[in-house]
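I'd like to ask you about the structure that follows.
Think of it as A, B, C and D in the order they're written, each chain with its own count starting at 1.
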Amino acid sequence: MSIMDYNGGALIGMKGKDCVAIATDKRFGIQAQTVSLDFTKVFQINPHTYMGFPGLATDIFTVYEKIMFRKRLYELKENRKISPKALASLVSNLLYENRFSPFFVEPMIVALDEVTLEPYMCDMDLIGCVNKSDNFVVGGTSSSQLYGLCEALWEPDMEEDQLFETISQALVSACNRDAISGWGAKVYIIKKDKIIVRDIKTRMD
Amino acid sequence: MDIKQQWIPGNFKSVPDIGHTAQHDVVQHGWTPITTTTSVLGVVFDSGVALAADTLTSYGSMACFQNNPRILTVNQNIIVAAAGEYSDYQFIRDVVEEKVRTEKSLNDGISMKPKALHTWLSRVLYNRRTKMKPLWSTFLVAGVQNDVPFLGEIDKLGTAFADEQIASGYGAYLALPLMRKAIDEKREKFNSKLTKDEAIDLLKKCMEVLYYRDARSHDKYQIGIVTKDSVETQNLALKPRWEVAKLVQGYE
Amino acid sequence: MAMLSLCGLSDDTLFKSKCEVEENEAFETFQSDNTVNQMNLYSLPGNPVENMRMITARDTMGRPIELNFHHGTTTLGFLYQGGIVLAVDSRATGGQYIGSQCMKKIVEINDFMLGTLAGGAADCVYWDRVLSKQCRLHELRNKERISVTAASKIMSNMIYYYKGYGLSIGMMLAGYDKNGPSLFYIDNDGSRTPGKVFSVGSGSIYAFGVLDSGYKWDLTDEEAQKLGQRAIFHATHRDAYSGGIVRVYHITKDGWKHIKNEDCDEIYDRVKNEAK
Amino acid sequence: MDTIIDRGAPKARNFEPYASNGGSIVAISGKDFAIVASDTRLSEGYMIYTRKQSKLFQLSDKSVLGCTGCWCDTLSLTNIIQSQLKSYLYDHNTIMQPNSIAQLLSTLLYSRRFFPYYVYNVLAGLDSNGEGCLYSYDPVGHCEKVNYTAGGSSGVLMQPFLDSWLGNRTAENPVTEEEALSLVKDAFTAAGERDIYTGDEVVYNIIKKDGIKTGVVQLRKD
């Protein structure tokens, strides 16, 4: 078992029409044992910028704190909100600094640009290779299942409701085929004027 | 095996001898190729199949034996070419020749067909791999069965399949794209298969390309051609053009 | 070749050759496999576990092979005044991947005997089938049903024969015979233990927690069935490799009876509402 | 320096008896039909052996077996099963029913418990009532009757997709032949995007009372 699979979890980001969505399961486990049912792995970086962290739980918090530290410094220095693209470089640099003893997280950024409100999405490997995406990003222990579902279910220019349906369907179905993710899920839909957060029900076994 | 056959439920059994790891290492030494040959190519044309293979046997990086043919004429219907361990090819050659001789001595007018030999070889090779005593060779079987050309490959595991163009070893990387291109172009432009001459020219071209880049290849080679009513093997030699060498830059 | 055997020449030493040796060896496996004798499983010389590890480590391209056998997990069974209750989950996992959510982990050996399976799914099912055959033969030979004690002994003997071969079996054998109800635990080491309360599999620790706190000899039938279901349900909730539906069986002197199947999802909702 | 001295000598290599030849299978059963489909790419590593190797094996007029994994094991297994079916036919003068074939296959797979066939099998057929039936296997012969399944190199990608469409079907709302076929196509198209071992073509067999219908759908060739 890889260290990336120690805690389990599934994450998915998806692009719609003028909106983006990110969804996460809520399980925190130690290998086969489910410990907590309220561990969302998704953090708000800026009003329209969210990050998801699939990987090892201990590194998730460390990396998140480090990112926030650098992001705040950046924003103090520049006196403006960090753009998702700059954030991606920031995270990538942070991860690559530990090229030979990496953090075991593969962060994803799902955002609307704070100025232009352009959708932006990317994911990374654990040493910071940024992979920008125009349709969806997936991560976590059920990433293969998610890839299959997203390839089949995703279509361009989805409205908010349809995007919610698609992303929930993908996450729930993927979790049902992965032993170590699930136990509830949370979906964030990011629009220019509001953020919609919804809990969705999944199997609890 | 015998003890298992006689087993009756309820009988007391002693602990089976599960052996010592070091003594019964299944990945045995010696089952590794020593005297090897490089790629073989095969291509189907409209009325038959052509195979090409050079005549070099290497011992590591030494070009050991420079005149070891490895295209075997099985009967008036089949030719076989081999790549990989040469001794394993020789073993299979003996076995196949024996098979053919037995068939001939029966004199019943029935002779082996290419698909039969293809399946037979795949069973023999698979059986050996399942015993972890592989015959470290890849075979190409070519022939004409019911007027339809047949070309099949079997590798050391017993992986068997048929296709219109097959290349093993280095040929799979260097020659196969050329062969696929030629066949596809012909099909798209004229909606037909290669002719015999085109197929032979194609193989000659491929052998030349292989000779330039495959360090274990040789300039003397054979082409075997099987059609509905003839089998022939030609001995050929390349006339390589090394003047292109000076155009290759970036290594000095 | 066909002509040879037709003429009865194929056994003639004159024709014995390299070719025939190869051929016979290649085709003998067709004749002597386990469809004829169930105990006859092919293995390489040497240590089977070590061999298995070595051959399945990498493929020809040097990549790790994902030979994910289906594994089943949480099962429990207990004896009480009203007979035996067996309860199992239904998830089969190959690694982390859920291969199936509705696997049958209780095998009906005959009308009075059940086996539960945990560990390698194929291992358990195969040997249960062989046991089933042996039990039937016993019945035909002796004109009476086999006792659970005898059946479990056959089972453990068969498994013991393949001890050290890397089988993965943790099963309970439960049934009602002339000596009353009995329950046995058998595993791949060949051990065979009679007992009152067992739980087997990766979720067993959670199941035991619920089971031990609720178990007493004087349970009513309904209480016992509920306890079994609840123990498995809580195990599925905490253990990643258990889940699906909870199946409950009950064995009395009239034979076994299937009580119910219930989806973990539904049980979860019910239990949650009960708590409120 | 050993490297200089050893340069000429042949290198010792371990023999690995398994190859991963890729390929995927999808199968769906319905009220009066069963559909089973495979891609036709046979590969090893980054090398495509052939682009037209179907992985479906017709066992009788009512059953089709789909196998992916190690191709040499597949060939061996299907040969053995076909010869067993023949001797059954000659012994009993009956064609074996799919449920019996299912058990036979399970036993044959288990005979190699200690040197497994590296093959994922799906057996599709029509049972004695004329209803579609489907059996899915693990490499050592654990057999399960299912309504739909996906296996092979992109089984993990396609199975949850089938779950989301077919997981909640009831007897009143059975899957139709057209729907099953379009699901198979969609599943393979999605898998072809993300799995390099799946591609080229999909061949499908629809098993019905009056015979087996075969068809081909094109997939990505890269």
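The criterion applied here is as follows: contacts are C-beta pairs under 8 Å (C-beta built on N, C-alpha and C of every residue); 3 or more make two chains touch, one makes a residue touch a chain.
Which protein is which chain? UniProt says A, B, C = Proteasome subunit beta; D = Proteasome subunit beta type.
Remember, predicted model here, so these are calculated numbers, not experimental data.
J.: Measuring between Cα centroids, what's the chain most distant from chain D (Proteasome subunit beta type)?
T.: Relative to chain D (Proteasome subunit beta type), the chain with the farthest C-alpha centre is A.
J.: Can you figure out the chain closest to the middle, judged by Cα centres?
T.: The chain sitting closest to the overall C-alpha centre is D.
J.: Which pair, A-D or C-D, has more C-beta contacts?
T.: C-D
J.: So what's the Cα centroid distance for chain A (Proteasome subunit beta) and chain D (Proteasome subunit beta type), whole Å?
T.: Whole-Å distance between the two chain centres: 35.
J.: Can you compute the centre-to-centre distance for chain C (Proteasome subunit beta) and chain D (Proteasome subunit beta type), using the mean CA position of each chain? Integer Å is fine.
T.: Spacing between the chain centres: roughly 25 Å.
J.: State, to the nearest whole Å, the distance from the C-alpha centre of chain A (Proteasome subunit beta) to the C-alpha centre of chain B (Proteasome subunit beta).
T.: 51
J.: Could you please state the distance in Å, as a whole number, between where the Cα atoms of chain A (Proteasome subunit beta) are centred and where those of chain C (Proteasome subunit beta) are centred?
T.: 40
J.: At least two other chains touched by the same residue of chain A (Proteasome subunit beta): list those residues.
T.: 176-177
J.: On chain B (Proteasome subunit beta), where are the residues touching two or more other chains?
T.: Touching at least two other chains: 27, 123, 126, 130, 132, 157.
J.: Out of chain D (Proteasome subunit beta type), which residues touch more than one other chain, so two or more?
T.: 17-19, 44, 70, 115, 156
J.: Report the complete set of touching chain pairs.
T.: Pairwise, the chains that meet the contact rule are A-C, A-D, B-C, B-D, C-D.
J.: Quick one: which bits of chain A (Proteasome subunit beta) touch chain D (Proteasome subunit beta type) in the complex? Just the residue numbers, please.
T.: 144-145, 147-149, 151-153, 169, 172-174, 176-177
J.: Going by the contact rule at the top, pick out the chain C (Proteasome subunit beta) residues touching chain B (Proteasome subunit beta) in the complex.
T.: Interface residues on chain C (Proteasome subunit beta), with respect to chain B (Proteasome subunit beta): 1, 3-4, 15, 17-19, 22-23, 25-27, 29, 32, 37, 39-42, 44-51, 54-55, 60, 134, 150, 153-154, 157-158, 160-165.
J.: Once bound in the complex, which stretches of chain D (Proteasome subunit beta type) touch chain B (Proteasome subunit beta)?
T.: Touch residues, chain D (Proteasome subunit beta type) against chain B (Proteasome subunit beta): 7-15, 17-19, 21, 42, 44, 47, 49-50, 52-53, 70-72, 75-76, 79, 115.
J.: Would you tell me which residues of chain C (Proteasome subunit beta) are touching chain D (Proteasome subunit beta type) in their complex?
T.: Residues 29-30, 33-35, 38, 40-44, 48, 51-52, 55-63, 65, 67-70, 92, 94, 97, 99-100, 102-104, 120-123, 125-126, 165-167 of chain C (Proteasome subunit beta) touch chain D (Proteasome subunit beta type) in their complex.
J.: Over in the complex, which chain D (Proteasome subunit beta type) residues touch chain C (Proteasome subunit beta)? Could you list them?
T.: Residue positions touching the partner: 16-20, 44-45, 70, 80, 83-84, 104, 106-116, 118, 136, 138-144, 146, 156.
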